[in-house]
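In the two assemblies presented below, subunit A is common to both, partnered first by subunit B and then by subunit C.
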Partner chain A sequence: MKLTIERSSLLKSLGHVHSVVERRNTIPILSNVLLDAADGRLSLTATDLDLAIVEATEAHGIEPGATTVPAHTLYDIVRKLPDGAEVSLSLDDNQRLTIEAGRSSFKLACLPRDDFPSMTDGDLPHNFALPAVELKRLIDKTRFAISTEETRYYLNGIYLHVAQGADGPVLRAVATDGHRLAQADTVVPEGAAEMPGVIVPRKTVGEIRKLIDEFEGDVEVALSDTKIRFGFGQAVVTSKLIDGTFPDYSRVIPKGNEKELSLDCRAFANAVDRVSTISTDKSRAVKLSLGDDSITLSVTSPENGTATEELAAAYQAEAMDIGFNSRYLLDILGQVEGDTVAARLASPDAPTVVTDEADQAALYVLMPMRV
Partner chain B sequence: MTRPAAADAPAAPSPAAAETLVGHGAAEAALREAVAGGRLHHAWLISGPQGIGKATLAYRVARWLLARPPGGTAPDAAGPGLFGDDLPPATAPDGEPASGAGGAHDGLWLAPDDPVFRRVAAGAHPDLCVIDRAWDDKRKALRNEIVVDDVRRAQAHFAATATEGGWRVAIVDAADEMNRSAANALLKTLEEPPRDSVLFLVAHAPGRLLPTIRSRCRALPLKPLSVADTVAVLSRHLPDLDDADRRALAQLSEGAPGRALALHAAGGLDVYRAMVGLLAGLPRLDRVAAHGLARQLSGKAADAAYRTFTRLLTDWIGRMVRTAARGAAPAEIVAGEAAAMTRLAAAAPLDRWVAVWEEAGALIARADRVYLDRGQVILALLETLAATAAGRRA
Partner chain C sequence: MDAPSPSRPTIRRLGRTTVDRIAAGEVVERPANALKELVENALDAGAAHIDVTLEAGGKRLLAVEDDGCGMDAEALALAVERHATSKIDDDHDLTDIRTLGFRGEALPSIGAVARLALTSRVPGSDCAFALTVEGGAVGAVKPAARAAGTRVEVRDLFFATPARLKFLRTDRAETQACVDGVKRLAMAHPGVAFTVRDGARLVFQAARRLETGEAALRARLAAVLGRQFTDNALDIVAERDGVRLGGLAGLPTYHRGNAQQQYLFVNGRPVKDRLLTGAVRAAYQDFLARDRHPVLALFLDLPAGEVDVNVHPAKAEVRFRDAGRVRGLIVSALRHALTAAGHRAADDTADRAVAAFARTPGAGSGAWTAAARPSAAQMGAAHAFQAPLPAAGQAPLPAAAGPGLGEAGAPTPYQPAHDLGGPSWPVGDPGADRGGEAAGAEGLGGAGAYGSLDPGLDAPSARAEAPGADDAALVRHPLGAARAQIHETYIVAQSGEGLVLVDQHAAHERLVYERMKRALAEGGVARQMLLLPEVVELDDGAGVAALVDRAAELAGFGLVVEPFGDGAVVVREVPALLGDTDVAGLVRTLADELVDLDEALALKDRLFHVCATMACHGSVRAGRRLTVAEMNALLREMEATPHSGQCNHGRPTYVSLDLDQIERLFSRR
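Let's look at the complex of A and B:
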């Protein structure tokens, strides 16, 4: 294997893939990145056995070949090389990779490519293209609600499936941790109608979210019931899925909540943030007292004292007090795009539905706390 | 970061990379049959003495399962054949000793250049999860037990889909190293096995496992190898050793090639010769030689040699009692041994020797617990033996 590549493009590609490789690894081959040179391109592969990222980048002077080298070491070397340098890589017969740029020269010990885990694509029967902005929206609006509790492992991801929306089928992302639920819809892309419902693991969600920011256009999604692949042009992420059944979430979205509240989202978020400063316990509960066109937020802490703040709101139903976890409220309010947030409540011990005036295709459910 | 080998780990090649397995043909056949019949139990308890190839068997069957096309039992789309399913044609390597039922060809052999073999050996197969004692960064040593976090890795493994669409396999090596909470955490997986998954528990002492774990596994006890089979394994791994030494190692290891290799690596044969030399002189103890041995085996660097010696000594007393009780002629593993054994066995009643054997075991265990001086432990053991051989109570 032999090739020459520009330092900046190698660094960019390595930057994308090396974050997947865990720093502490007891298995040597798993700390490595696979370099595969062929057809005028160098492709880099990194994996943690649950997901793999492959990124291809232009290179020249290629003699085809492949090997694996420690990912973080290679990344650090390339990072410290001067900007604009031409980096040449060559593999010798003793399985050592020589990296040369200007007057610097490094030799790295390699491991054979055959030992490297393969996340072979296999058969992914369902293919569709999803605009990057839509995928980003689906992820951002639901990701915060993903559970971190390992016993209910089937909640440790975003449930991506085709569901029946108000006006026909929609592609829906749902995440919940049992205390709150977030749901976001988008139009069903061509080719997705028959797809099975899949649970995309949290780590995969994080990795694709990082790649979306630098990408415009359509993300190529391909999936089967055991694997999913996201293609971002030159970078491709392949991941295992969570093998479990996502709960029937539609049952927990209340349909009959009639007490409607709407208020300025930013003012509400700021007020929640301010009053919760005083709370010291882990739950960080904030009490909302709903009255005639006004809402009073209050927090009482046995150690610190009390905080209250009053806000104007549109509320006509009978007065009531309800408590929420302030962090959960702020997570939801952070995803609301419009100026106004609307909530439909039933009683102080029943789930509340929160909607966004500017994005009717997103919906949040929040369980109240006893205060 | 590479993990250095543990001091007490067998010096044998890693079971993940071992191509051949000798002497467990019947167990391999049982596993094959279970797969062919489409009713592979989800958890197998592979038990037997340390070093006889339990983990090697576990990796072997794991590889074989992972190399099969997805779809559980059927080797091809047409489903299982009328006459059981055939392996893809594979030729056993030359010099492969026949392993019980018909040689390696019928067993669970997979070519070492097969991609699955390579990845399993490198610890990089996405559908195989190995639970063993983890590296403790704080103590810079392997942990003494498998903790609950290690077992949770297996749970996460089974919670994710199989990358290659086939089996998901986990190996617990060794199950008797699990602490109580780890064992309880594993129980959950054993009770609600996910589909297309199989768990192999390797256990040196299955009696130490929770009964609830034992009862959920299909038992697959492995027997120690014959001396001839052990010699065959040794001649592959230690081709330069002379035949007499190989045979002595095979006899000392009691049918466990892994132990024989570990013994060889720790210089066990020399320690054994020195020990038998001392024992042959009893009841008069050669104090100069005894002190020399004690000095040589104490200290941090001699940890493996110390463990080898204490084990060899207790084994030797045990062997002496057993052969004397049966009235059999003792084996001559190294020169002069049989004569010494016969003479010592006659010097004191057998129940006294049994008591000595027990005391020795207790002293060695206590030495580890409270960090007794190892040189003194060795001297105390030898003095006890000398006193018993002289017909006195120590």
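Let's look at the complex of A and C:
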């Protein structure tokens, strides 16, 4: 194997793939990135067995071949090479990869390409194209609610499925940690209507989220019951899906909440942030006292005292006190794009629904705290 | 087996030998029991030196030689007769027993099942006498020669009851049991010198301690349980209503996997009592995991009328007239000592260099609290470990924890996006992520804070921090200023006098625990209601019943459970400070503990146990990367929190090494 490649494009591709590689691996081959040169391109592959990223980039002077080298080491080397350098890679007979740029020269021990685990796609019968901006939206609006608790592994990802929306079927992303829930809808792309509901693991969500920022156009999605693939042009992410059943979340989204509250989102978020400074304990509740067109936020801290703040709000229903975890409130308010946030409440011990005036296709459910 | 014979069985009076052998079976089950009786007799005789010799685990030979009051010819003959004793008389009742023996049963019992030989001389008399008993057959008293005192030899124990022999364990196990028994008695009698020989080999020796009181006891306990123990033990002294408690209790950091090394002596008599087990557990539960046990030797002295020693054939158990009071005295005396010890923790590592990493002795929390009360912001940052997770950051956490754990192991609230966003953690440029740090404490407030994560970061396993502006002030705190986090597990701080190494999980667990207790005292732990109530299957009904029984108390801790069909509960609300936690795991552990501890612990103790379990579930794990602000906040909160020197499992939370010690390590002194 032999090739020459621009330092910046090698760095960019390595940057995309190497973060999949777990830093401490007990299986040496999994610490490596697979380099495969053929047809005018170098393709790089990294995997942790649950997730694989392949990215191809242009190279020249190619003598075809393939090998694997330690991903983080290669990445570090390339990162430290001067900007604009031409990097040449060549594999010698002793299974060592020589990396040369200017007067720098490195030799890395390799492991044979045949040892590198390949993630077979299998048959991915459902194929559709999802605009990158929509995929980004689905992720951003929901991922804060993904559970990190491993024992409830089926909540450790985003549930992507076709659901019945108010005006017909939608492609929906849902995440919940059992305390709060976030849901975002988009139109069902052609070819997705028959797809099964799948749970995309948190790590995969993170990897694709990174790629979206550098990508425009449509992401090619292909999936089966057990695997999903996201194609970003040159880069392709293939991942196993979480093998579990996502709970029937629709049951916990209240339909009949009648007490309507709406107020300025930024002012609300700032006020929550301010009053919660009094509490040393971030898990303490912010109490919202809802009265006639006003809302009073208060936090009591046994150590420090109390904080209150009053805000103007549109509220006509009967007066009520309700407590929320301030962090959860801020998480949700952080997703709201519009100036106004609306909430529908029922009682201090029932879930509250929060919606975004600017994005009606997103919805949040928050369970209160006892105050 | 044959069919039961229709003929009526005849009742007969048994011969004396058989009666004696049956009785002997009660008193002497194994060599160690016989030996205990002989040594007790020597102690009752006022001996200053007691020398024991065993052969073949005591089966071939048990010999006890003393320099006590001895027996004359007449006494010798009586000694081997059943129910003959010099220690009580018919005018006194059994409620006033001051000697170890009182029944006059030991020697005849042993004589019934072995070849017993007694040789004794009363001090001042010029003749010694000897007597033998073989399988119950008593010989004649004959003149003999020996120094003042008594030698009792038991040969071929159980030769007359071969069935019993079969039940004995290996020689080695029997020897061990014999030595243990002597050691127990030795602990309670520091003024008596002991030796034990296995054949010719000296296996135990304790010199006579002529000091008085505590000093003698300490020295004796050091000889029996080891210096390690006495160096890591607290003096216990308490007295209430004529009941006196003394002895030594090990520091929680000096613990064992079982409760074998918990000794209780009642009026100088070693006893086994479940009361002790329960009391010790209650007293240490703030400091020790349930499966770890402290080492202790407690001596209870109370008026003879307050305790019945005549309840067990081997005199190994006693009954207290007022058990509750005795238990209360033990629990409160232990608690008192443990609390006073505050930050002291055991240092029982052999390695000299590490031995130098000793806790500053006597650095009580009290002194610290006055010196450094953390600000609200600092506390806030510390508590933020706790807050539920805002974002499932996809950061490739440099996982000491391995795949996944770093992300999911703990309710880590803020993924330090700023940290991960940095170019890299440069070992050579420790200032690089300073900017992010300040944001660390605040930044978590900002919503949607998962910054773009530069995949390009490289994470060394240690991260150094450059001193900041307010550093001089920080260093003056007892636990100093955080300088680095190593292996994502330990915080290294520089203090005025040296360096401090903190175990982040242990420390945080203790803080969460103390916070829960505080919250509880203030009227309850904040509760997060669950959007998705969690059904937890328990494999036994006892668990469900225990949980449901305690539902009201658990609600005080923020955990609301209800019965749910057969063998399950549904959890509706959880303690908010645990964040996104393993509810099912927590509930199962609690159920087990409630079932286990229900009788062992008083209500209040049980509640604190619940706290401890919850704290363990809710604490930041090893493997989580902390910012400098978080680390300093943790240090400040530790200083402000009582008992923060150990985690609830009795492990130290930090060690400190002063400059003197460091210099000694490098031979600069």
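Quick note on the criterion: the second predicted complex is superposed on the first by the 370 of 371 C-alpha atoms of A that agree within 3 Å, B and C clash if a C-alpha of one lies under 4 Å from a C-alpha of the other, contacts with A are read in each partner's own complex, and residues count from 1 in each chain.
Heads up, the rule we're going with is that contacts are C-beta pairs under 8 Å (C-beta built on N, C-alpha and C of every residue); 3 or more make two chains touch, one makes a residue touch a chain.
These numbers come from a predicted model, not from an experiment.
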Three-chain arrangement built on subunit A, subunit B and subunit C clash or fit: fit
Vertex subunit A angle, Cα centres of subunit C and subunit B, expressed to the nearest 10 degrees: 50
First (subunit B), second (subunit C), both or neither touched by A:241: first
Partner chain in contact with A:144 - subunit B first, subunit C second, else both or neither: second
Which superposed partner A:116 touches (first subunit B, second subunit C, both, neither): first
Subunit B versus subunit C as contact partner of A:289, first or second or both or neither: neither
Which of subunit B and subunit C A:75 touches, first, second, both or neither: second
Subunit B versus subunit C, judged by how many residues of subunit A each one touches: C
Partner chain(s) touched by A:127 [first = subunit B, second = subunit C, both, neither]: neither
Smallest separation in angstrom, by C-alpha atoms, between subunit B and subunit C in the superposition: 7
Shared subunit A contacts, counted only where both subunit B and subunit C touch the same residue: 24, 150, 156
Residues on subunit B engaged by subunit A in the complex (per definition of touch): 1-3, 113, 115, 118-119, 121-126, 134-135, 137, 152, 155-156, 158-165, 194
Parts of subunit A lying in touch with subunit B, wherever the complex brings them together: 24-31, 47, 49-50, 111-112, 114-120, 122-123, 150, 153-154, 156, 201, 224-227, 240-244
For the subunit C and subunit A complex, residues of the former touching the latter: 376-377, 379-380, 382-384, 386-396, 398-400, 402-404, 407-409, 411-413, 444-450, 452-456, 458-459, 515, 518-519, 522, 526-532, 534, 573, 576-577, 579-585
Residue numbers on subunit A that touch subunit C, as the complex places them: 15-16, 18-24, 48, 72, 75-76, 79, 140, 143-144, 146-151, 156, 176-181, 202-203, 205-207, 209-210, 213, 247, 249, 252, 269, 273, 276-285, 302-304, 325, 327-328, 330-335, 349, 351, 365-370
